[in-house]
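Please go over the structures that come below.
You will see chain A twice below: alongside chain B first, and alongside chain C after that.
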Partner chain A sequence: MADLCAVVGVGQTKHASCRADVSIAGLVREAVDRALADANIGIDDVDAIVIGKAPDPLEGVAMPELWLADALAAHGKPVFRVHTAGSVGGSTAIVAAQHVMAGIHGTVLTIGFEKQSDGNAMWALSVPIPFGMPVHAGAGGYFSPIVRGYIKRSGAPSHIGAMVAVKDRTNACKNPYAHLHEPDWTLEKALESPMMWDPIRFVETCPSSDGAMALVLMSEERADKHPGPKAWVHATAMRSEPTAFAGREQVSPRAGEMCAEDLWRKGGITNPAKEIDVAEIYVPFAWFEPMWLENLGFAPRNEGWRWVEDGVTDIGGSLPINPSGGVMSTNPIGASGMLRFGEAAMQVMGKAGEHQIDGARKAVGHAYGGGSQFFAMWLVSSGKP
Partner chain B sequence: MSEADGIMRLRQPISVTYNWSAGPNATSHLNGLLEGTLIGKRCPGCSLVYFPPRNGVCPKCARILGDDVVVGPRGTITTFCVVNVPFLGQKIKLPYVAAQILLDGADISMQHLIQECEATDVRIGMRVEPVWKDRSEWGPSLENIAHFRPTGEPDRDMGVEAGAS
Partner chain C sequence: MSRFFLSLQEGRLEGTKGSDGRVYFPPAEFDPVTGEQLHEWVTLPETGTVVTWSWQSEPQPNQPLEHPFAWALITLDGAAVPMLHAVDAGDMARIRTGSRVKVRWAAERSGGVRDIACFDLLEGAS
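Moving on, here comes the complex of A and B:
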């Protein structure tokens, strides 16, 4: 039987398109110092460090975890690096939590980061496939045909993506750390946004951000003696599948469904839409909100877009999604998954400030990566399991 | 601190040159392209045909792929994207349609360019055929096909396969 694990500290940077004022090490340290201050512990109190980021070519720094050991005061401590593409922020937090749940370390610091302005992620994600046809056009070019498949399958009207975009950009204005603070979006204006990768409009895409997120995790023994609110980890789940195989369901990948089913089973959740108070899910393109609502088992198949249209996922709705503004407002790729996990923790700790969902007790953090092929999720609560 | 205070950022481009080991599966596929033939591989476990047979292993049942299978040349669009955004290394005039094409006889789609029709006329289920470049320009690459164009045949109902791989 695994030990219990709790989040006792959360810290993130001010996210921006270019944090020219800091190096990667400085960016990471900013999040770490805030997480340690939030947990009210010192860096010497940390037993182990688990760090994650997306592919190294994004900044052109190979094995940054070795270089960052200095900035993380890692001398004499175990340092682990995790990599699962865009889902890495989530899977990194899960690996950190598993070190605690396995009884190996009492206090673990975990960090996800990306400094997109140091490189060119769109280029790094569009490397020509040997002897293939060079029609690939970044992440948008990859995901847009999948969105088209969802629209055709579900019969969703074309304004749903714009509705999600406006909601998330509006939510982000309540989050002082969010990259984009754009209070003036309306649905009418969003619908006039140019088509980048038809059917995906410019406003329906995430920004490119510099940023980091850090969490302090503790064992039950330590957390019980630790003052302040905690987010207890009730369940974690990860699944993966190949990028491409014959008959693959790309709109709602089986690995995502399996991951969610595993999470609900481990967390004792039988009716996710009713029992979960708030969810931070990985939505880099607006249309992925209704798609993931269905994949996660919140909404019935082909009904996710109706929930968006009915305001179910607004801050005042019955299942608020991404009150922080989400990936649509802040996307430091390697940190984006941990931002979802950390924001979920902040909600149940009552630390989400202006975007706090009143009375949130159970929250979900979700991340996906690669060609919708790596999934990581956790369920956190203000109370012990 | 501002730029005036000293060096806050330096631009330092890097590039990497790789060798790519094709292996026996991709080799027969690439040799086929040199002859203008589209060669995939059949999985001996699930009988599904992979084109291109890049990894040599069936991603579904993990068996080593078996016999060569000639696929296409015609196929059906399963889904597509109209690309309006320029990016580094762009070789194709904007806007262009990048489509997932399920070649006849294959069980997985591949991405290629659609031309010789308006982007607004491209549909899921549309039948297409390859237009090859002049043979003098051929190499071991799918770039031997300049693009795909509509055949004019009736659309195929893709059903639940729309948007699938």
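Moving on, here comes the complex of A and C:
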């Protein structure tokens, strides 16, 4: 039997398109200091550190973990880097939780970060990399045919993406750390936004951000003695599959479905839409909200877009999705997954401020990466399992 | 780190002082001993000592000098750690470990490590 693990501290940076005021080390440390302050512990109390960021070409810095030891105060402690493309923030938090659940460490600090202004993700995703399939057109060019596939099979009207975009941008205005604060979006205005990768409009894409998220995790023994709210980790799940193979289901990848099924089973959830109070899911292009609602087992197949249209996923709806503004409003790639996991923890800890969902007790964090091939999820609650 | 690059542009060498009193140039942003952010800045002189070196007999494009020169680890006077830079020694026979060197500033400075064009040997001191 695994030990229990709880989130006792959450800290994130102010996210922006260019944090010219800090180095990568300074950016990481900003999130770390906030997480430690939130947990009310010192850096000496940390036993081990688990960090993650997206592939090195995105910042043009190879293996940044090699020079971050000072900023992480990691001297004489284990540092572990996780690497699963865009889902890395999620899988990094899971590896950190597993350090605790395995009974190896009592207090683990975990960080996801990306300083995209130091590189150019669009071109990093476009250059041919040895032994890999070149994307050539960045992430939008890769995902737009998949979104078209979803629209064709579900019969979704063309304004659904714009509705998600307006919701997320509006939600972000309640989150002081969010990159984009654009309060003036309306559906009419969003529908006039330039078409980038048909059917994805400019407003339906995520920004490119600098930012970091850090979490402090503790074992049950330590968390029980620790004052303050906690987010108990009820379940974690990860699944993966290759980018391309004959007959692959691209709109709703099997690995994503399996990841969610595993999470619900481990967490004792039989009706996710009813039992989950709020979810932070990885939506870098607006159309992925209805697509993931179906993939994760919240909505029936081909019905996800109706939930968007009916306001189910609004902050006042029955299943609020991304009250923080989500990836659509803040996307420091290596941090984005951990932002989802951390925001889910903040909700059940009652620390989400203006975008707090009243009475949230069970929340889900979700991340995906690569060509929709790496999936990571966790289920957290204000109470122990 | 802005302060380090801006001071180079203004023709000054600024390092940081660690909790154990050691001065780092180029500056350490976080204390290698305690991990705390370092805030105490120290202005260093333009002179230093070669700790070790290697001769570049055929310079490549974009290297600091177009004629043969030495890559050297140089500890500035008052600093605890060396930095890598180029020494315009003219001839390999003129440089050795222990050689005294002085900063040659770039004519046009832009807030980067290349604001130091290279180091010159201090005549008669080596």
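Convention: the second predicted complex is superposed on the first by the 378 of 385 C-alpha atoms of A that agree within 3 Å, B and C clash if a C-alpha of one lies under 4 Å from a C-alpha of the other, contacts with A are read in each partner's own complex, and residues count from 1 in each chain.
By our rule, a contact is a pair of C-beta atoms (placed from the backbone, for glycine too) under 8 Å apart; a residue touches a chain by one contact, two chains touch by 3 or more.
Small disclaimer: the values here were computed from a predicted structure and weren't measured.
Participant: Would you check which partner chain A:29 touches, where first means chain B only, second means chain C only, and both and neither mean what they say?
Facilitator: A:29: touches chain C, not chain B.
Participant: Looking at the overlay, does A:145 come into contact with chain B only (first), chain C only (second), both, or neither?
Facilitator: first
Participant: Which touches a greater number of chain A residues, chain B or chain C?
Facilitator: The partner making contact with more of chain A's residues is B.
Participant: Going by the contact rule set out at the top, does A:21 touch chain B (first), chain C (second), both, or neither?
Facilitator: After superposition on chain A, A:21 lies in contact with both partners, chain B and chain C.
Participant: Determine, under the contact definition given at the top, whether A:104 touches first (chain B), second (chain C), both, or neither.
Facilitator: Neither: A:104 stays clear of chain B and chain C.
Participant: Pick one for A:244: touches chain B only (first), chain C only (second), both, or neither.
Facilitator: So A:244 only meets chain B here.
Participant: Just chain B (first), just chain C (second), both, or neither: which does A:43 touch?
Facilitator: So A:43 only meets chain C here.
Participant: On the A-aligned overlay, A:70 touches which partner chain: chain B = first, chain C = second, or both, or neither?
Facilitator: second
Participant: Under the contact definition given at the top, report the residues of chain A touching chain B in one complex and chain C in the other.
Facilitator: Residues common to the chain A contacts of chain C and of chain B are 21, listed in rising order.
Participant: Quick one: in the complex, what on chain A touches chain C?
Facilitator: 21, 23, 25-26, 29, 43, 70-75
Participant: Using the touch definition up top, name the residues of chain A that touch chain B in the complex.
Facilitator: 20-21, 60, 120, 122-123, 126, 128, 130-138, 140-141, 144-146, 148-150, 152-153, 194-198, 242, 244-251
Participant: Help me check something: in the complex, which residues belonging to chain C touch chain A?
Facilitator: 1-2, 28-37
Participant: Mind pulling up the chain B residues that touch chain A in the complex?
Facilitator: Within the complex, chain B touches chain A at residues 1, 8-9, 12, 14, 20, 26, 30, 33, 46, 48-50, 52, 58-60, 78-85, 87-92, 95-96, 98-100, 107-108, 110-113, 119, 124, 140-143, 145, 160-165.
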